[in-house]
Structure formats: C-alpha cells, structure tokens
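Below you will find the structure I want to go over with you.
Letters are used for the chains, namely A, B, C, D and E, taken in the order the chains are written, and counting of residues starts over at 1 for each.
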C-alpha cells in the first residue's frame, strides 16, 4: 500500500527578529494520492510545492492538519517514503557512490549487496564513471542525478520528487523519465512529483495538482493510457495537447479564492 | 564594446588523495561572442558549460589557453562581466534586497540610489514583497531570481548566465525571458546563456554553441529577426521549429572527434 | 633488609640544597633503613597540603603555615626545627637607606603568610610601620623576588641570605639581616602528620636520625655540601652562592642538627601571625608539638 | 479527489492526540540540575577534609561576610577592569589577526607558527619578564589576560576562515570586491560562528588569566582573596571568588551568545533545531 | 566563428607573459621569518637584563648541555607521558560530550552551564584538591592536563554542532537514520573543522597545563627544569624547556592538521584557496 493524504494542512513560517512577519506557505491543503498513482504538483515559484512535499515526507511539521499514509496519521519520516530534494542535498564528504549507499545503509543493507545496488543505481542515472567524485567535483546536473539515484535505490513505496529533472539536459531527462515510468510500472510506486515542465507533467502524471499561493487550485486528471507507449508519438497526439492546455489554463487562471 | 573570446581553452581538474584522477572539463575550446550578441551554450549534463562560463568570468583559471575581452587578455573578474550562478549562490546572511544591493555596492553605489535600484530589480523578478527574507526563507525559484536580479542590477556589458531560469515555472520564465530580451535590446549587452531548454535557446540566441564532453561540437546560427516580436507566434513558426530541430540534431550527434 | 620508603617534601632546591638534600644524597637515610624520596614544591604551602593529603610522610618549611593550618584543625605536628636561625635578609634598592624608609614602598613576597611575608612584616613592625603602609606583590620564589629588586620592579624584598654574595654584583644592597632584628624567627622545622606518627612513629624517628647525621656531616664538610648543592641545582662551578650559604650557616650557627623545639620561639611566631592578621583562631603551640620522634632519634644516634 | 469528507471525523482526534506535550522549558532543566549539583555537593562536600574542600552552605556564609564587608565588591571591581580592557583588546586584535592568517598565504606561512607557538607559551613562567616591562599594576594584568585570550580568538578565527566555502568567496570575486571587502563582507560573516566560539573560549581563559595575574603580581582583586584565603586555610572563603568567577564567566558567555543572536540572527535560523 | 586563426599569434606571448611566477613556497617564508625572528632576538636579546631574558645562541648552548647530560630527554619523557594520555582522554571524552551538548536540548540545558563554568575554573587554586584525590605522581598531572584540554574541545565541538546546517540533518532524517547514526555519519563529519580547531587549541593549553602541573604539584619534568634554572639565575637554561614546549606544540598542531587532511580530505578541497 502507499496512499498518501495531506489532510487540511496549513503551514506558516514566522520569522522573528527585527522585522517579524508570517508567511503562509500552505493554506488548508487537502489531497490524497492513491496507492500506485503518480501525481504531479505544479505551480508558480514560491507557491508551496516544496513545503507540501516536505510536510508529506515528515521533514516539516504542519502548523495545522496532518499527514496520513495508508489511513494512519504519521509523524516524521519513514522507510515507506523516499525524497529527492530540490537541491540534491548530497553529503559533501561522501563520494557519489557513498551518497547513494548512505540511504541503503540506513535500511540495513551491508557489504557487497550495498556496493552493487548503489553502483547499479548510479549507472541508471549515467554516473557510473563518476562514482568516486565528491559533490563539489560534480556538475549541477550530476549532483541532481546522484540525489535521484539515492532515493530510487532505497526502493520506497512512496517517492517524493522535488524538481528532480530540473537541471538536466533534454536527452538525459527523457531517458530518466522513461526509467521512472518503467520503475513505477514494475513496482507500483506511489509518486508525488514536482515539476515546472508541462510536458513532463502530462507525460508522467495520473493527476496533476495545480497549486497557487499556498492553496490547492485545481486537480487535473490525465486520462492517458498506461503504459504510455511511444513517447514521441504521444507528445504530438491531440489528447496530450488538450491535457497540457487544461493544465496551462489552470495555471493561468486567477486565484480561485480572493483573501 | 563587449566581445568575449575563449582562445584554445582547456581546463582539467586533478583530484589528489587516495584515488587521484584527472577530469578534462574543457578541451581546447575556442569561440568568440561578438559584442551585443546573445550566445546560448547547450549540451548534456557535465559537458563543461558551467566550467566554460566560470573561465570566461575569470573565476577559474584555464589550464591552457586564455580569455579575451574586447581583444585584450583578461585575468580575474571585472565589472564588465556579471554572472548568474547555477545555484544562485546568495550570501546567506543577507536579505534578498541586501543580496541584490551587494553587487551594486561593489560598483560604488550608495544611499537611496542603491536601495531604489536594488528594489527595482527585485520587482523586475517579482520579489518585491519578499525583499526582507533571507535565502533560507526563500523557495528554490525565488533564490534563483534574486541571483538574476543581482547580476542584472550591476548592468554589466557582458552577462554570463548559468541556467538562470532552470528552476522557474513556465509563466515566470516566460516573463523573465521577455525582460531579458528587452534589456538586451535596449542596452546591447553581450550575453552568454546556459540552458537545457531548446525553445529557450532558440528564442534567446543569435547563435547556439553546442558542447559535448568538454569539447565544442557545433555552432548553430539562429537566423530569426530581432526583436522577436510575438513570442507565441514565433514559437509555432516553421523557422523556429527548423532551428530547434538543427540544435536537437547537433545534440544527438555522435561526438565529432573520438579520443 | 628492604628499605622503607619515606617521602619528604621540600621547597624547590636553592643554594642551601647541600643541607636539605644531604640525607638523601649522602646515603644517610639508607643507613637508617629508609628509601628517602625528596619531592620538591614551589612553596611550602603546597608541600603542607600534600602532607595533609597523605602524599608525603614529612616536609620541612616555615612554621607559619602549619600554625595556621593547625588552628583550623589540620593534623600536622612539629617534630623539630633544624634551622632555628633565620638566614634571611631584606634586600633593597640602593636608594633605600634604612628599614624605616620602606614606608610607602613596594615589597615582593612569595605569598601571604609565607616566610618572606611574615619576615618582612616582622621587620616593618620593629620599625613602626604597619603592613598596610607597604604594597606587597607576589613575585614568586626567592630568586624571582631577588631579580625583581635588581630590576627595580619592587623597592625591596625578603630573600635568603644566599644572595648576599651576589648582591653587589647586581646593584642591590642588603638592608636588614634577620639575625639583627628577629632572632626569634625560626626558618625551617620538620613536620609529620599525626596519623603518620601514630602508624610509623619509628620510621619518623629514623628519618629524623638520618637527617641529623646528614646535617652534622654537611656542617663538617664544606666541599661535600657544595658538591651536593651543585648536583641538585645544576649550579655552575663558579656560582659563589653555595659556599656563601655554608659560611653564613657556620657563622651564625643557623643549623642545629639536634633539631631543638623552642616553644618560646614558636609562640612568638604565633603571636606575630596574630598581629599580622594571618591567624584568627588561637592555637596552643604545645598541642602542635610531638617531641617523641626527636627524642627517639637522639636515642638512636646516642648509642 | 480532495476527499476530505471521510477524514474529517478523525481529524479532531488526531489533533488532540498530537496535543504537543509542551517540552519542559530549558531554564527549568538548568535550575533543576544546578539544584541537584548544589545538594550533592552540600552532602558529600562535608566529608571532604576542610583544608581542601568546602560545601555550599559554608561558602554562602563566607560569601555573605565578604559581601557585607565590601571586600568582594571591591575585589570584583579591581579584577573586572583589567579583564574588560584585555578582553576587548583581544577581540580587536585577535579577530583581524585570525582573518589575515586565514586569508593570506604569506601571512599564514610567516606568522602562523608564531601564533601556534605563542599559544603554547607557559605564561606563568614568563610573568616575571612581563612584570619587568610593565610593572606591577594594572597593565601587567591586562597583558597577562590579553595574552591568554587573544590566541583562542585568533586561532579559531584563522581555522574558521580556512573552511569558508569557496563559492561564497567567489560571489565576492565575481562582483569585483577588493580583498578587504571580501574579508569584511563575506569572510567575516561566514566565519562568525568560529569567532563566537573563540570569544566564548576566551571568556573562560580570560577569567582564569585574571586570577593567575593576581596570583603572580600584586595581590589584589578576586585572585587576591583566593590566595589569601588559601594561605589562611579558609577554604570556604577561597571558594567564594571561584564561584563568583564561574558565574561571571557563565553570564559573559550568555552575553556573547545574546550578542551573536543580535548581530547574526540568520545563524540560529539556518542551523539545525529539531 | 571559431576564429582562432587571428589569435594564434598572440597566444604564445600571452602564455609566456602569464608564465605563472611560481609563488615562493610556504616553507621558505616560514623559515625566513623564523630566521629573522631568531636574529632579531639574538641582537636585541643581548640588551635585556640577563636575569630575565636570554638570546638564542645562549639558549642553544644551554640546550646542548641539557641534551648531552640526558636531563632534557629524561624531563621530556616525564612530561610527555601524562600529556599524551591526558590529551587522548580529552578527545575521547570532549568530542562526544560536545556532540551530545550540541544535539540534545536536554543535555545542553542540564550540563551546558557546568561545562561553561568549569572551563572558567581557576585550576591552579584547586590543584591541592586534586592532589588530595590523586596524589602527587602521574595521575594528578594527567588530571590537570585533562581538565585544561577537555573544555576547549568540548565547547568548540558543541558550538560547531549548533551551526550544522539543518539541510544536512534532514538528509539523515529523510532516510530514517537513528539519532546516533545522524550524530556519527552527519553531525560528526560536518563538525569536524570545529573539532579540529578545538584539538589545536587544546594542544596549546595542554602544553601549558603540563608545566602548571609540574609547577604546582611535585616539581619534575620540563617544568622542573624551568623552575630550577630560574632559581639558579640561569635564564638561558630556563628558556630551553620553554622553546622545546613551543616546538612540541607546533609539531603536534601540524600533526593534527595532517591527520585532518587524511580523515577529511574533502574539507581542504571545498574550502577557499586562491
């Protein structure tokens, strides 16, 4: 199972100091991602996507409301969920391989299995040859990919991915999109995915959650067949274009409620 | 004036320690960006785009070859060039406004002019209301935009931009693309721009420099009229598509030379 | 037979080391069946604390600190005073004409209540100056204080007479000799804790006996005394001080190897401490004396 | 989709279940441990030989006497003046010294070894030399305290500068900041946590240095009370200035911490708190 | 476009112009300043009152004598043994203590004040108490050195942990690492530069503590040579152990630095070097 719900979640940040002010990053956000579903979170910069993911992951405690996984309220992180951070967040003193292995070790893996699994996922993201470099020796996109490998390697039931392909070139991006779809099809993972790319959203998602200003704006169903089949063909299909346009509209709408 | 040339630039990184190895980030790369030209640097993740920009900026010393600005060899940074970093690189202890003001102060601006200019550029990137937040209180895209504002504010002759719009949603991205084109048209800046987005490359560039594996692969001319006019229309024009496809081809080609 | 360990604390070795260390270096302790370990301290107050902590079996030093400690119930006994004469002096800058001139001047001491302090106060008192009219500074050991006078940091200081020989060379004058002003002042006594006396009374006596023979030997052999001093302090062969100390001791008969316990001198000492404010609780001097080990030691030697 | 209906029931329960057991405030914990410590000391301290140890109630009585007689106040004043001056001097000299050592390859190669060596200088042995130059009064105390404080500050700053992230410096270089500006606007704030750690360490060292200076030069101030009481075997009285010093150091540390929060509010916000 | 042709001419000139004037190596600078210092000391040191000061050639002669007689070696051995043990103990206890203080709110509230206070403890005044418990031999020296070393290490570690970036900790939390694992695998490496700074500061303090311990308990070791030489007015000889101590501290510091480079090679790579 791997159903994740945010239930009436609000999150505010209050900064103290000389100029105290409160930012509402999330306002009464509720949605459920069903088991095995791929949901894409989309919305303007600063609308609360990362915050929503962090709350779902358990890294951030909701100011109000709560998170349920498989119908049970959860606090904190769990092996059932894995996260790809927006800024990779590699441990600077570990090599690429060690960074990937880190997550696996936390799950209790040791020895040859550890090394092999970590190496396999590094290979998956195309970094087999760079296994021995430390984060500061990697390019931005390479770091991002190590972060992806680290989260995929622990094979969590729920994957929370924050703009994982944002810093990648089109080719690498496409191949990783295909990988991700493949993994999801094989393992039935639940995926919550943040992106700014409408094509990517339509390609990956079962549903697209559109956010704005900390609020949930609209949820768009993506009624495309799975598996997606020939991606090139799919992209140029009218259905694809129609859904893409629906999302575009949702993004460009005036906010649903005026505060 | 603002002509920038990399002349036969190579850059290698040698890591010492238990497992010494050398990475060739750039191999004999030479190209010239003419005064007032917009060049886009494109290529797979880890191909050396950031390194090329850093060498051009003077942050990194070429292992071989050199950098010329307006026909004169330069070492180190100068007010003639401004950089938008791939990871924003804001100073964590300064607010958004102070970060933008930092660059201006270095140019000698003080007092009300400083505040007003910084605020104006913050407004340009849509962050007027967040002027008082520190980087850790900003979302990924917001940080990126502060970095853009900081570089634009000092109004350098040459702008080096490393995936500046990478973490932005489509709408914000578009409006900043338009802003950038507008600024360039008004001031005649020379711009070297890294992106992974083919559309963005075609939209912005006079020429697109395609890199691969640390080498210059091909340079594609973008023969579209300036100003670009209606961007929506342009995007769906066949010329646009053709150039886009040329770049796509260049990216997917086998490497020019086999080592 | 197996030698019994005996740990004896002394103040850091100076030019009088030939006397202080003779029992250990001259083999006299061994003759009494003791393995005598000499442990040096920066001040006799530290040695007293080490004694009270049970880390020493005996130590020697000025009677001031033990009297004060005794008044607070510390378990320390005077077993004899081998250096009843004070070979001590006040050194001063040449500009100071007499002890009366010390009023309003600065003086160096090693620590409040220690020998140089008490001696200086006793001298001041004889000259009608109170302790408050002089600024005292802690400047370390005899050597450090003497140096302080030579450098003009302080106007005067009490220090061992061993520096008389070099005073002229360093541009310092001898202002007052202890013998002339405070003949009552005892320099060194030897102390043992009550507990040790109860448990190892015989060893204590043997220790005193060893010391007595050692001092007798030192007093009779000028060269030997100087040799031991050099061995202990590493003094250069041309250093005149060890010889001078020997001559001083001889001249004033400062050392008495029989270790007489003079209650009247100790009482004078206690009264001085009360006058200077160091001693606030009265202490009965006889209660701090244990004559037995000395008597036994003399017996051992007498036969 | 936004299927709230079915979950509203359990919501209240969940909220109340979480009902954050508010954690015990820090000061309560601190007071409790201090109380426990004082109590334990009171009980076990009575068994220690009174020549060596004392216990809180006796110290309190002795402290009260010292306060009433005005001795403690006078001594505190005498001690604090050179301390404040020397501590301020150590900051003014130690921080720039550390910054320069950390930033300049030449300065580090030329001076680093002297700073390291001087930090390991047994000052106690050199007090006579200082006295020779500075006399017995106020200034020798200032010198002793300064020499004990300046090195932790300089060394911590120095090592802190050495680990300032390259990318921060590059921001300065990209905007053509001068070395001095990079130092002041980037290296200094980035090194602040190290500097603050140095300042806190220096508080402790400085307080100890104050006592040492008063031990080994003119007897005065709190050190004077300690040494006089020690020589009079009045242990309870001896502990009074020691306790005062430790309280003083704790307060000063808290003050440094408070100043840090004011001048570098971002630091606490960015750091990890669970 | 790739217009190399016109520029090839100037290329060689440019390269040779740059012809990186190789900077003077660090050790040359260091040796030069040391030489200059020693020379200045030699010249001006002769003017200082010989009762207080000395100069390098005299110290060298005295040092040679002490080496030949075997005294220096013996004293060094006597001093170094407790130092090594106490220093090791301070690391083993100080680092975990600092980690816990930094990570645990409760531990910090409960113990922090004691650590701060104890760091400001005038140890010299409490040496007799230590003698009472530990005697006069090896262990009291170990205790004195330990008590002087452990606090800089613990405090620096503690303050370092407090500024570990939240985002690093979150990586651990996201992968469900236990508190202990977060401590060992994330907090510890992230705090390493602070710990190393603490270790370096502790070297200096420890060396001083070694002398103090030898001054204020039974006189022995290098401290003993200092005292005895001072009493003999042999200032040159007195400076020998002081110089040895400073050299020792410098070497130890270099050793700590070398160890840091081994266990944390990433640190130097990531930091700013121009």
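The working rule: a residue touches a chain if its C-beta (ideal position, glycine included) is under 8 Å from a C-beta of that chain, and two chains touch if they have at least 3 such contacts.
On a predicted model such as this, the values are computed, not experimentally measured, just so you know.
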*Walk from chain A over to chain C along touching chains and report the minimum step count.*
2
*Through how few touching steps can chain A be joined to chain B?*
1
*What whole-Å value do you get for the distance between chain A and chain E if each is reduced to the mean of its CA atoms?*
47
*asked:* Using mean CA coordinates as chain centres, what's the gap between chain C and chain D in Å?
replied: 41
*In whole angstrom, how far does the Cα centroid of chain B sit from the Cα centroid of chain E?*
45
*Could you put a whole-Å number on the gap between the CA centroids of chain B and chain C?*
84
*asked:* Show the residues in chain C shared as contacts by 2 or more other chains, in ascending order.
replied: 49, 52-53, 140, 144, 147, 151
*Note the residues in chain B that touch 2 or more other chains, in rising order.*
15, 87, 137
*Provide the list of chain D residues touching at least two other chains, using ranges where the numbers run on.*
49, 52, 128, 132, 166, 168, 215, 227, 230, 267, 269-270
*Quick one: in the complex, what on chain A touches chain E?*
57-59, 76-79, 82-83, 85, 87, 89-93, 102-103, 106-107, 134, 136-137, 154
*Of all residues in chain E, those that touch chain A in their complex*: 167-168, 170-177, 181, 185-186, 189-190, 264, 266-267, 269-270
_Touching residues (chain side chain D, partner chain E) in the complex_ = 23, 26-27, 29-30, 32-34, 37, 48-49, 52-53, 105-106, 108-114, 116-126, 128-129, 132, 151-152, 155-156, 159-160, 162-166, 168-169, 193-194, 196-197, 200-201, 203-205, 207-208, 211-212, 215, 223, 226-227, 230, 238, 242, 245-250, 253, 267, 270-274
*Over in the complex, which chain E residues touch chain C? Could you list them?*
49, 51-52, 71, 127-128, 131-132, 135-136, 215-220, 224, 227-234, 237
*chain C residues within the chain D interface of the complex*: 45, 49, 52-53, 65, 68-69, 71-74, 106, 111-114, 135-140, 144, 147-148, 151, 153-154, 278, 280
